[in-house]
Amino acid sequence: MTKTVQLTTLHWDAALTVARAALVKAQELGIRVAVAVMDRGGNLLAFARDPNAPFHSSTIAQDKATTSAGFGLPTKQWWPVLEGMNSPGLLAGIAAVPRMVVFGGGVPVYVNGECVAGVGVSGGSEEEDEICARAGLAAAGLVAEPGKS
Amino acid sequence: MTKTVQLTTLHWDAALTVARAALVKAQELGIRVAVAVMDRGGNLLAFARDPNAPFHSSTIAQDKATTSAGFGLPTKQWWPVLEGMNSPGLLAGIAAVPRMVVFGGGVPVYVNGECVAGVGVSGGSEEEDEICARAGLAAAGLVAEPGKS
Amino acid sequence: MTKTVQLTTLHWDAALTVARAALVKAQELGIRVAVAVMDRGGNLLAFARDPNAPFHSSTIAQDKATTSAGFGLPTKQWWPVLEGMNSPGLLAGIAAVPRMVVFGGGVPVYVNGECVAGVGVSGGSEEEDEICARAGLAAAGLVAEPGKS
Amino acid sequence: MTKTVQLTTLHWDAALTVARAALVKAQELGIRVAVAVMDRGGNLLAFARDPNAPFHSSTIAQDKATTSAGFGLPTKQWWPVLEGMNSPGLLAGIAAVPRMVVFGGGVPVYVNGECVAGVGVSGGSEEEDEICARAGLAAAGLVAEPGKS
């Protein structure tokens, strides 16, 4: 009987590097954001927030990161898929799942083809938030797709 | 390294003046409401509730105030913007964010062009709620737009 | 069969008067507090907070008010009673009941011998907090004991 | 009527420097911890966690930081003060306040004599946790007492 399962998660120093680089990028873009790095168990690994970021951005950043870490996908991929189903009920139902985000700004973190964490940014537009999240990954030598590292 | 950031918040006496004037206006309109004044960190500054206001109005008033304080916008502006994006997924997703309200009745508080707090009223129609919130601001010599004070 | 029960609660304008007068007294004493007026159902009637009050004072003020409204007693009366029982287990158990406070700073509100609400103040010493709560009551012509109005 | 109040909070880059240095110190001590930097409104500014830290350390670190930021005191000062009062009721009551911690590991952050935030560490002994928190402050040129900067 196989007794154990190996999981891979992100080191705290890499997570902090992601958080800091995302906020540096936000500063360049002139936006005020929160950034969260979450593990696949929905627990926070690293976080940083501009004191002038909108209040809700802290929660949204954590939920984007959790959604990306959990499904191994950028959060922006959810809503076209759901809309394509042409089912407003399903759409609203999925959107209302606690800690689930179906719009852009969260990306997964892959190492050796394995999803090990997620990064979420909130406070700018969806596109700006994702730019910050990806800048965070790049600074730590991480990627958001399974085939690239 | 820059160590600190200066923030401006609302004095308790101004917040209480807002709360009282909003309830006086509600009485004139014949509606039963709760009114909340929240700071930009999502913490309550002042609150008042008609004992006959609907139970949920306390929470909704606080969430409207938090949403307005956080984004510096009246809550009623969210729904048309989101509908204009023609994206039911984004609409449902934003509407499901904890402590976020995407319908009318909350307005931000600006002093010298800076958003320092938010006011939320719940218990009447969206239009009535916003009338009460703005009556509260007027009584304290406050405004809901950045360019007016 | 008796079908209904009459309850008496506090008017919002009286509750706001209590809140404001408590904060004025706190300012005289040089302390930074939060004050809450709660009904007997554990729902907020009025609230005000000095932005420099300790973070926890908002919750403690509400819980003191709820405890006083629920039992019709000043919160400071709880702990000598519990200590007199010489039962550390009971003491810790009661102290851990959610939204229950066993130290001073909350007083009930009586009208015509009936407990109609509670007032809680937090941010100063227990004695200072109770002084503020009672100053709030006095300003609204209310009393904290059944036999006095 | 005074309309506004000025508050000072901590810059995100200083907060991240605190978090990283606290984890570096924990690594030197051979302990696995979480570290949180919270503002005075109970909102997270920065966070980092060793993936092998005990599960509860994330919450405890945030609550220690909130308690220190709110009262402007190291969390370890609460327990002897409460014990000195010789009142088990008060002790149990204070210990049960939500998001309040009455044991060591949290320290306030002072800048120019003003409390602007709090740092909390959890995962080691109380002494070890406080050593990590203070190492975090030192790395960012911050102090834990009002008279030192």
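Letters A, B, C and D mark the chains in the order given here, with residues in each chain numbered from 1 onward.
Quick note on the criterion: contacts are C-beta pairs under 8 Å (C-beta built on N, C-alpha and C of every residue); 3 or more make two chains touch, one makes a residue touch a chain.
These figures come from a predicted structure and were not determined experimentally.
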Task = Give the chains in contact with both chain A and chain D, ordered by label.
result = B
Message = I want to confirm something about chain A and chain B. Since they are copies of the same sequence, is their interface symmetric in residue numbering (over half shared, so same) or not (under half, so different)?
response = different
Ask   = Which whole number of Å gives the spacing of the CA centres of chain B and chain D?
value = 31
Request  = Could you tell me the distance, in whole angstrom, between the mean C-alpha positions of chain C and chain D?
outcome  = 29
Inquiry  = What's the distance between the Cα centroids of chain A and chain C, rounded to whole Å?
reply    = 43
Query = For chain D, which residues are shared contacts with two or more other chains?
reply = 5, 7, 9-11, 13, 39, 41-43
Every chain pair in contact, whichever chains are involved = A-B, A-D, B-C, B-D, C-D
Remark   = Per the touch rule, the chain A residues reaching chain D in their complex are 9-13, 15-16, 19-20, 23, 39, 43-51, 55, 58
Key: In the complex, chain B residues that touch chain A   = 5, 7, 40-42, 66-67, 69-71, 87-90, 92-100
Note = Listed in rising order, chain B residues that touch chain D in their complex are 1-11, 13-14, 17, 39, 41-43, 111, 116, 140-142
Remark   = Per the touch rule, the chain A residues reaching chain B in their complex are 51-52, 54-57, 59-60, 78-80, 82-83, 88, 91-92, 95-96, 101-103
